[in-house]
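One chain, chain A, links the two complexes that follow: it is found with chain B in the first and with chain C in the second.
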Partner chain A sequence: MIMMTEEKRSDWFVVGARGRADAEAADELESGLRRAVESSAKVAVDFSALSYISSAGLRAVIQAARAAQAAKVEFVICSLTQPVQKVFDMSGLHQILHVRGELPC
Partner chain B sequence: MLSMLEEVVLLAVDEKSGGLRSTREFATAYALVGAVFFDLALARKIDTDTESIRVIDTTPTGNATLDRVLADVAQRTDLKTVKEWIEELFHRKDDLEGEALRSLIAQGILRHEKSKLLWIIDVERFPLVDNKPQQHVKLRLANAILSDEIPTTRDIMLVSLAEPCGLLHYVLGESELASRRPRIQMLCQMETISRKVTDAIVALEAALRSAMTKVV
Partner chain C sequence: MCHNQAILYETDFFLNGNLSELERLAAEVSHFCAAHSLDGEVEFDLNLVLEELFVNTVRYGGCEGMESSSRVRLRYDSAVEVEFYDRGRPFDPTLVPPADIDAPLDQREGGLGIHLVRQIMSDVKYRRVDEWNHLSMHRRGRNIVADS
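Then we have the complex of A and B:
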């Protein structure tokens, strides 16, 4: 299960994800991230409360990042928890996504 | 839309002769298994993480190959990891390839020809009837590799299956592949299934080398 939050902070649109990003939650995650991409030129994804991410969850993030790239929207993934960081490291996603330790705002 | 399994098999068809090319046969077998799991993941039937595989929906997809594998994965509780399932399905490589070829023939993309070599040896060929689907697969692979943009998840999967079978050599030249090697390696790492496919190939090749050394 995943809980999504949205918040406007200065010129950033911050999307938070809490819980588990698995196959059941992938659609909700992707649509939440895409909605943010359509709403702002700067999107920060806060994963500080995301405890788990599966392959389906990663694909949702990749698809949203791809939409951001096409729309020339700045899209950063922030504050990964340890288990999620491990998955990002193994998959090498930090090489094509902008990943940073803390929120930019 | 073709399945990942059909796309990998179609890529292995020599566009001139209609022969099935496999530069590394064991690798191709593993890649076909990986393709089936990718198809099931894209159909939202299974999900994977760094190790385990989980069935999330057992309703049939309508594709006989996928539904058979899905039913197996749902029933067998003794196999839990992606690695175990890749090893289990490795032995069904001929079934997977044959079913994909039959489907491509039924869709009017390939035709089946049987002939005799030196009047004795049966030779099967699968000439292209419609070359556009294969060209489309090659174009997607080339774009995913040569561009610096984020590829679609399907194209990431396709690169990660074509690479271990040596099929990228039929898409891009040696110098292009060499210059984009870091990008190819990065794409091959992104999906758990393809990482496990590569691990299985490396392990098998090491075992074969070891066996050959002992024989020599």
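Then we have the complex of A and C:
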């Protein structure tokens, strides 16, 4: 189960994901992230309420990051919980995605 | 195998070839961990590994829509022993080459799921028995230094 949220904070579009980014939720996660990338030049992804992610969820994030890269949209992943951070680390994604500890706004 | 039949797997369940089964998988893993007082990190790891294996059978193994296409058996005896069976096409994940985790974003290939399984589990062994793929593995204990 995943629930996407959207919020504008100054010039940032903050898109949040609450719940579990498993294979069943991956399409919804990708849609929400892509919608943010299409809406703003600066996107911050708030994962503070994301308790779980699998490779399907990671792939959704990668696809959205690719879209952001192509559109020259700033795309930062923020506030990973510790178990989710571990999955990002195991995948090497922390090297190619812009991950930070706190939201930029 | 004779000695396997003597081992009691308290957690033993089938999954149908449908991604909606992921919720039931999560519940079974949660129940198993609670029964053995295993913490959230163990539960997360087991859930992740089993999801990766199961989703691969549905997406690539031909198990989509197949009833009881996968079977999961879990046992705890100082380490968590996992047995995963599926009735999909013959596929040995131990033969998948290592994922290139240093590749830039636009060059990433697949294999991420298997990569994660290998990071978390050790002694992954594959056998094909009748119509079943059979994987056995155990979760690395905390006191074992993982290969980096």
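The criterion applied here is as follows: the second predicted complex is superposed on the first by the 105 of 105 C-alpha atoms of A that agree within 3 Å, B and C clash if a C-alpha of one lies under 4 Å from a C-alpha of the other, contacts with A are read in each partner's own complex, and residues count from 1 in each chain.
Simple rule for what comes next: a contact is a pair of C-beta atoms (placed from the backbone, for glycine too) under 8 Å apart; a residue touches a chain by one contact, two chains touch by 3 or more.
All values derive from a computational prediction rather than experimental measurement.
After superposition onto chain A, the partners chain B and chain C occupy overlapping space and clash.
Shared-chain residue A:Ser48: touches no atom of chain B or chain C.
When the two complexes are overlaid on their common chain A, residue A:Gly92 makes contact with chain B and with chain C alike. Once the complexes are superposed on chain A, the part of chain B occupying the same space as chain C corresponds, among 9-17, 99-107, 117-125 or 189-197, to 189-197.
Counting contacts by the rule stated earlier, residues 22-24, 52, 54-56, 58-59, 62, 65-66, 69, 87, 90-92, 95-97 of chain A appear in both its interface with chain B and its interface with chain C.
Contacts from chain A toward chain C in the complex involve residues 1, 20, 22-24, 52, 54-56, 58-59, 62, 65-66, 69, 83, 87, 90-92, 95-97. Every residue of chain B that touches chain A in the complex is listed here, in rising order: 41, 44, 46-50, 54, 56, 149-153, 156, 186, 189-193, 195.
On chain A, the positions that touch chain B within their shared complex are 22-24, 52-56, 58-59, 62-63, 65-66, 69, 86-87, 90-93, 95-97. Residues of chain C touching chain A in their complex: 19-20, 22-23, 26, 40-41, 44, 47-48, 51-52, 55, 59, 101-102, 104-106, 108, 112-113, 115-116, 119-120.
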